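Labels for the chains are A, B, C and D, by order of writing; each one numbers its residues from 1.
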Amino acid sequence: MSARIPDIVKHRVSEKAKKTLDIVAKFVEEECIPADPVVDAQIGEGSARWESHPPIIEELKAKAKQLGLWNMFLPKGHYKESPGYTNLEYGLMAEWLGRSKVASEATNCAAPDTGNMEVLAKYGNEAQKAQWLKPLMEGEIRSAFLMTEPDVASSDATNIQLSIKKEGNEYVLNGSKWWSSGAGDPRCKIYIVMGKSDPNNKDPYKQQSVILVPANTKGITIHRMLSVYGYDDAPHGHGHISFNNVRVPASNLVLGEGRGFEIIQGRLGPGRIHHAMRSIGAAEHALEWMLMRINDPKKTPFGKQLREHGVVLEWVAKSRIEIDAARLIVLNAAVKMDDLGPKATLKEIAQAKVLVPQTALAVIDRAVQAFGGAGVSQDTPLANSWALIRTLRLADGPDEVHLQQMGRNENKRGKEVSQKILWQKEKTEQLLKQNNLKRFQPGSNIKSRL
Amino acid sequence: MSARIPDIVKHRVSEKAKKTLDIVAKFVEEECIPADPVVDAQIGEGSARWESHPPIIEELKAKAKQLGLWNMFLPKGHYKESPGYTNLEYGLMAEWLGRSKVASEATNCAAPDTGNMEVLAKYGNEAQKAQWLKPLMEGEIRSAFLMTEPDVASSDATNIQLSIKKEGNEYVLNGSKWWSSGAGDPRCKIYIVMGKSDPNNKDPYKQQSVILVPANTKGITIHRMLSVYGYDDAPHGHGHISFNNVRVPASNLVLGEGRGFEIIQGRLGPGRIHHAMRSIGAAEHALEWMLMRINDPKKTPFGKQLREHGVVLEWVAKSRIEIDAARLIVLNAAVKMDDLGPKATLKEIAQAKVLVPQTALAVIDRAVQAFGGAGVSQDTPLANSWALIRTLRLADGPDEVHLQQMGRNENKRGKEVSQKILWQKEKTEQLLKQNNLKRFQPGSNIKSRL
Amino acid sequence: MSARIPDIVKHRVSEKAKKTLDIVAKFVEEECIPADPVVDAQIGEGSARWESHPPIIEELKAKAKQLGLWNMFLPKGHYKESPGYTNLEYGLMAEWLGRSKVASEATNCAAPDTGNMEVLAKYGNEAQKAQWLKPLMEGEIRSAFLMTEPDVASSDATNIQLSIKKEGNEYVLNGSKWWSSGAGDPRCKIYIVMGKSDPNNKDPYKQQSVILVPANTKGITIHRMLSVYGYDDAPHGHGHISFNNVRVPASNLVLGEGRGFEIIQGRLGPGRIHHAMRSIGAAEHALEWMLMRINDPKKTPFGKQLREHGVVLEWVAKSRIEIDAARLIVLNAAVKMDDLGPKATLKEIAQAKVLVPQTALAVIDRAVQAFGGAGVSQDTPLANSWALIRTLRLADGPDEVHLQQMGRNENKRGKEVSQKILWQKEKTEQLLKQNNLKRFQPGSNIKSRL
Amino acid sequence: MSARIPDIVKHRVSEKAKKTLDIVAKFVEEECIPADPVVDAQIGEGSARWESHPPIIEELKAKAKQLGLWNMFLPKGHYKESPGYTNLEYGLMAEWLGRSKVASEATNCAAPDTGNMEVLAKYGNEAQKAQWLKPLMEGEIRSAFLMTEPDVASSDATNIQLSIKKEGNEYVLNGSKWWSSGAGDPRCKIYIVMGKSDPNNKDPYKQQSVILVPANTKGITIHRMLSVYGYDDAPHGHGHISFNNVRVPASNLVLGEGRGFEIIQGRLGPGRIHHAMRSIGAAEHALEWMLMRINDPKKTPFGKQLREHGVVLEWVAKSRIEIDAARLIVLNAAVKMDDLGPKATLKEIAQAKVLVPQTALAVIDRAVQAFGGAGVSQDTPLANSWALIRTLRLADGPDEVHLQQMGRNENKRGKEVSQKILWQKEKTEQLLKQNNLKRFQPGSNIKSRL
């Protein structure tokens, strides 16, 4: 809530946003978190889980709309549909949304819809907007983003192989996708698909296109949903889908042939900030559960409450520091994105992408450990939260790819700093000479052992 | 297999054990690992998962018996039923069993039966042995060990509350248990239950008794199975069970009233070695999957195979070192247990209990990271393996309880080493005096700034 | 320099401060860093090291004054002597000062003088200010702060034992101090001494007083200087000093008897920010040396430059992230101190106190490792920098004391969050009931095994 | 001492070795450790430190000889001069030697003499042995090993540049060396020098030769000694030395031209075991000092002894586990070396080389932290010990070079394990087919959303 905004950004948050933030926090704590297990119960069992539409989600959506909590993610200034928050302001809200599994969807701020709406708003033509952006903005349908493929190293997007071929007035798609998150939901009506329309283009970043494929198009097979540790994440799910001569009108292409890379680049920045802030929220949530546990009067191993034992308060303190540091990294990225746009903020976004999931996982794992058996089970939100966030170290490229990229970028300073240090060393030698001085070197009087 | 036995223990492994070890390895690699997904498929879906008896397990059991791979866990010398292996020798076999989910059961070496069989063999009377030990040894039934309770800090076993009251010729049990592993299996016929028969005894370690309760006794309710990071571990499962005036004949008591602590203490040692060695095996298995992945010719992000990227080979090397170090810690405990018995080996067992799961989790997590999305999904054994081993940092007391205990024990040397160091310091002063020397102290010539 | 100010605070830095920051950066890089080895050479060898006054320091001080770089640490608003920078602004400058060993003294911003000047400015009377603050502000003398004692656990300041007794118009001091940093310098003319004037006061925080003791007072013995790893830090040094009936006029007492705690509390906050930002600077400096090394064309083990080897670029990237996160933690504290004062900022200051040295040590150690032998030797600034910063994990209380304190503070939320979570759980139960739902629990159909 | 030999190797240690081990332990604890500060005091200050021969070392050597503690390092079986201990047995002794700075020299088991004696014993001709090995074995002179060079990446030994050219009946040496450990000692009479005699040989491992150069040969200049975190390690020292047309008789060549690599390979194995075991000893020593500190009745911050505070006992326990695991890694290498020779043991030696220093540094750093200021100062052996061991992560190749090498070696299994796993997967498919089964895949009933 607004009282907890880090001082370093407090003055950049408008009064309106502070008010909304307080409403978000209250909505999440009082409506969404209690509803999370209800959603699970409404999803049901077996195959029914993939045909489910938990009614409580619609109830929450109605409440959220009434409270003015809708589409807050759509950044101020860029879109007329935006409720008018900066990336910083929405980031602070996203942290609260991250404490609940259902809150993002309840406020129409859930991935992958958010990124997909941004793509449509930014790159879609008016017909595409009318058909897909409008119902997405209204929360009437959901969507999926199909990029990752099972048979290649998809951390490198140039490896993508799904074929998009023009035949007459249509595009024909052939290939496979997986980790198509959201494809399990029966309300998921539209796939935004990345594929290769020009695989022989010499520029490996011009081979790709992005195209809109209605979920009910002939030739699409949903093979299965991938599980994350033991969770199926129904009804959302992570689909493994194949395309067998799937035909869509040529007008479904977004922006133009060969512009796929451009589109996904624009899509990733804000989404990473959202994911990062939600993960911060999940970490705060885990820390609060841990605080509950270590003060539980029924849990007194060896005659003392857990908080009085050895390392437990140190876990709390470290978690506090690590969360706070990670949050500042994200907020710094959000501020820079607000001021200078996503392209100028690549470094800061990458820092958040790498640091935040590792931080949240460490905090949640400490909470699991404090809880003992309950921590790994269905009796706390911890294990499920850990599993979800574990995927963020892999999604959109594993940590290591980002670290290598960041290392290379930082290393671009190598030549300049080398020259500076060499110049400094030379100046030292001059100063020593001027002052008729010699560095002290131990043993320099031993000239030899003759 | 025998060729990979660490040199430090090679000569302590009999030729017979080496031969058996090679047979175990072959059986696991060629029969059990391929069967693991078959077991999963045979378990089925929904409620059926808890009524399942995968036929392939019985096929594997028959093969194992034929190969002479049966009850290898039962230590040489202590039991006439033992096939004659030392803890060290079985430990080496358990490592191979740990590579497969089904291998331990296939060779009748699965927890919690192993510990339960040891309890019955060591502390059971002849009638108890005839009724329960015999069919367990034959692999005809399975068993559970009911100790942990949901409402107390069960890392401290003195907190246990399930009541065992004598009424006439019966004991009456009331209370709740959870993490009753194995209780889900329809073949689980017998519960070994720890409770309090004398809650007011001044000696907190004499309040407990252990009693045999057939699974089909009236008054028992299985409420549910606890999940582990989304996995239900069916049909084995981790039961949450209540006892409501459950009555068993007085003759079901093991060893005698008030001897519960003694029994569980004796039970834990070997089991921890088994768990530890199986975890080592799981780590080796994960490392091999990782080696497969990083050499996969189809996975070439940024034009290079994964093994050629940044840190990947360092992960492999670190995993190698860490696994090897952890294995030696376990084998040292096994050797000491063979030579001096479990009581003399508490420190070494505790070291294995703490070090091995942390090591295995780190190795498996690296493999997950190398695999990307497939690593967290059902397409590799990695995520499930990680989840299982994560519980070992909590089961039988969390790491922190063991570390505190080990710290206290090590600290018992505190007084002695303090005296030694003070004596050494004094001797130094004498030597300096004798030699008319002063220690060099920088700045000691500055007597004051007068 | 100003171009590198994190975006999150850019708009809070005045144009004047930005200009000064650029001048500081240039002064440090072009004058101070080249002078560091010259200072070392001028200090000399043996006992002479403690009588030394390296002339180049005075040259740098003159240059700094001319450039307007003097006493920047004294916060805006609080002191008429202040050059007018906020804690945030000076913090950014302190980062640059931290790249050089001599830069802080050259700009009269060196510890412990900075904290001592704050004490005198805040709590000193006019006579005390005239006699000691004025020459300190001018850089004519230096000072030491004497608090830590050799024979007690001084991480807990209530343990302090040096006795301050009033006798007539004088105070008489008896006791020992060590880690009296700066006491080695012949220009150190004044000690600010913490001791006990009322050891029997029931309030353990009212027993202490702070008193001014000229370095040349009779009864003071400087026994020796403590080394840090192998460094003596001459002529500054870390003194081990005893007081034997040292008498000073009663008017030397600061603020009043029993107000020692109040004084040191006020002293610590800004100093910790300064130390933290200087450590950030040292880490950046180490990272630049590392960049030089990994691009050195002469260093090509196994045919490749270091930057092309395995993990090296990942070290660079991690260092970048960790430094940036740590810096934001400090800047957030500085901003809050500017807005709300040091008392409101205890948590944030403690976070910086703990996080920054650990971060800097990790970064510097990576640089040492990249350099090989040169890294641990006198040929780079790395080893010395590491040793200095290692003391910051101990000075003013070890990390663990701060972590425990922070853990306790965070845990104050325990009761409130427990109540919230219990309320949420109850609401969930109501919602489930209202919707006539049951949570799915695996195995819940197994009622028993009758 | 013998009572602490890990059980896993106890039976492999002869009674004679056990007796000697007890004598070593007693000698180290009662004679050497008290003498360590005396050695420091006898070394003196300034230039005198490099001309020093602390008399107490000779006294200790005399005592050691009398106790039969002399040259224990020389492995049984390989040398007639050997006192007859296995690598395992001497390893256990080396651990005790590692607790004291002077103990290795006092028993004539100090590096680099040990490695140099092995080179001479193994590869030297009779004349070389008579002139140099004999006085070294007697402890009459000391030696240095000159390999590392300042201007190249010497972690890759093929980069070495010092030129060894034959001219008539002499070899002429030109070039520079540094980290020539031991070269500071006035008793150091002989350098064993690695250089290039055939820099154009196509085989990069045949370009090098090893040659004996008396320390008093004309043309040698000792420029200075390198410091290690501020320590000069006088009189031993780490020399920076240049060779300017240094001429030695052709008969000084060891083994033959082009055989330098072969010689240094043979030299490294045992030395790494020695270093590792000494580091284990240093870690044990640090742990004991830590135990003293945390039980010091005078050190009671916040009313409790240090051992009662938060994390301290966990530090003790972790240190215990980590030391024990690292020791077993070294002992496993020693056993394998005893059984199969150094060449077969490369992997195990590399594991020890990497794991042990990292472990010892972590343990010592915890002890430093427990001591507070005293830990980094001259008042404990901790800081100096840390600095010495820090160099072991760099000496003979940094950790990263060894990890890459180990990773590559482990990865050689890649093809084989890939084939095995693929075979297992195929067998699974067959089994599923045979049993008419399908894997359960969540969401597999969703064929499409038509």
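As a convention for this text, contacts are C-beta pairs under 8 Å (C-beta built on N, C-alpha and C of every residue); 3 or more make two chains touch, one makes a residue touch a chain.
None of the values given here were measured: they were computed from a predicted structure.
Participant: If you tally the C-beta contacts for A-B and for B-C, which one comes out higher?
Facilitator: A-B
Participant: In terms of CA centroid distance, which chain is the most far removed from chain C?
Facilitator: B
Participant: Cα centroid separation between chain B and chain C, in whole Å?
Facilitator: Chain centroid spacing, chain B to chain C, equals 46 Å.
Participant: I'd like the Å distance between the centres of chain A and chain B, where a centre is the mean of that chain's Cα atoms.
Facilitator: About 37 Å separates the centre of chain A from that of chain B.
Participant: Mind pulling the chain A residues that touch 2 or more other chains?
Facilitator: 45, 227, 232, 310-314, 378, 400, 403-404, 441
Participant: Under the definition above, what is the set of chain B residues touching chain C in their complex?
Facilitator: Its residues touching chain C are 47, 49-50, 184, 186, 188-189, 215-216, 218, 220-225, 227, 232, 234, 237, 239, 310-311, 313-314, 441-450.
Participant: Which of the residues in chain D end up touching chain B in this complex?
Facilitator: 6-12, 29-30, 33-38, 40-42, 44-45, 55-56, 287-289, 291-292, 294-296, 307, 312-318, 320-321, 324-326, 328-329, 331-332, 335-336, 339-340, 348, 351, 354-355, 378, 400, 402-408, 410-411, 413-415, 417-418, 420-422, 424-425, 427-428, 431-432, 435, 437-441
Participant: So in the complex, which bits of chain D are touching chain C?
Facilitator: The contact residues of chain D facing chain C are 45-46, 148, 150-156, 159, 178-179, 226-232, 238, 298-302, 306, 309-312, 368-369, 372-379, 383-384, 386-387, 390-391, 393-395, 398-401, 403-404.
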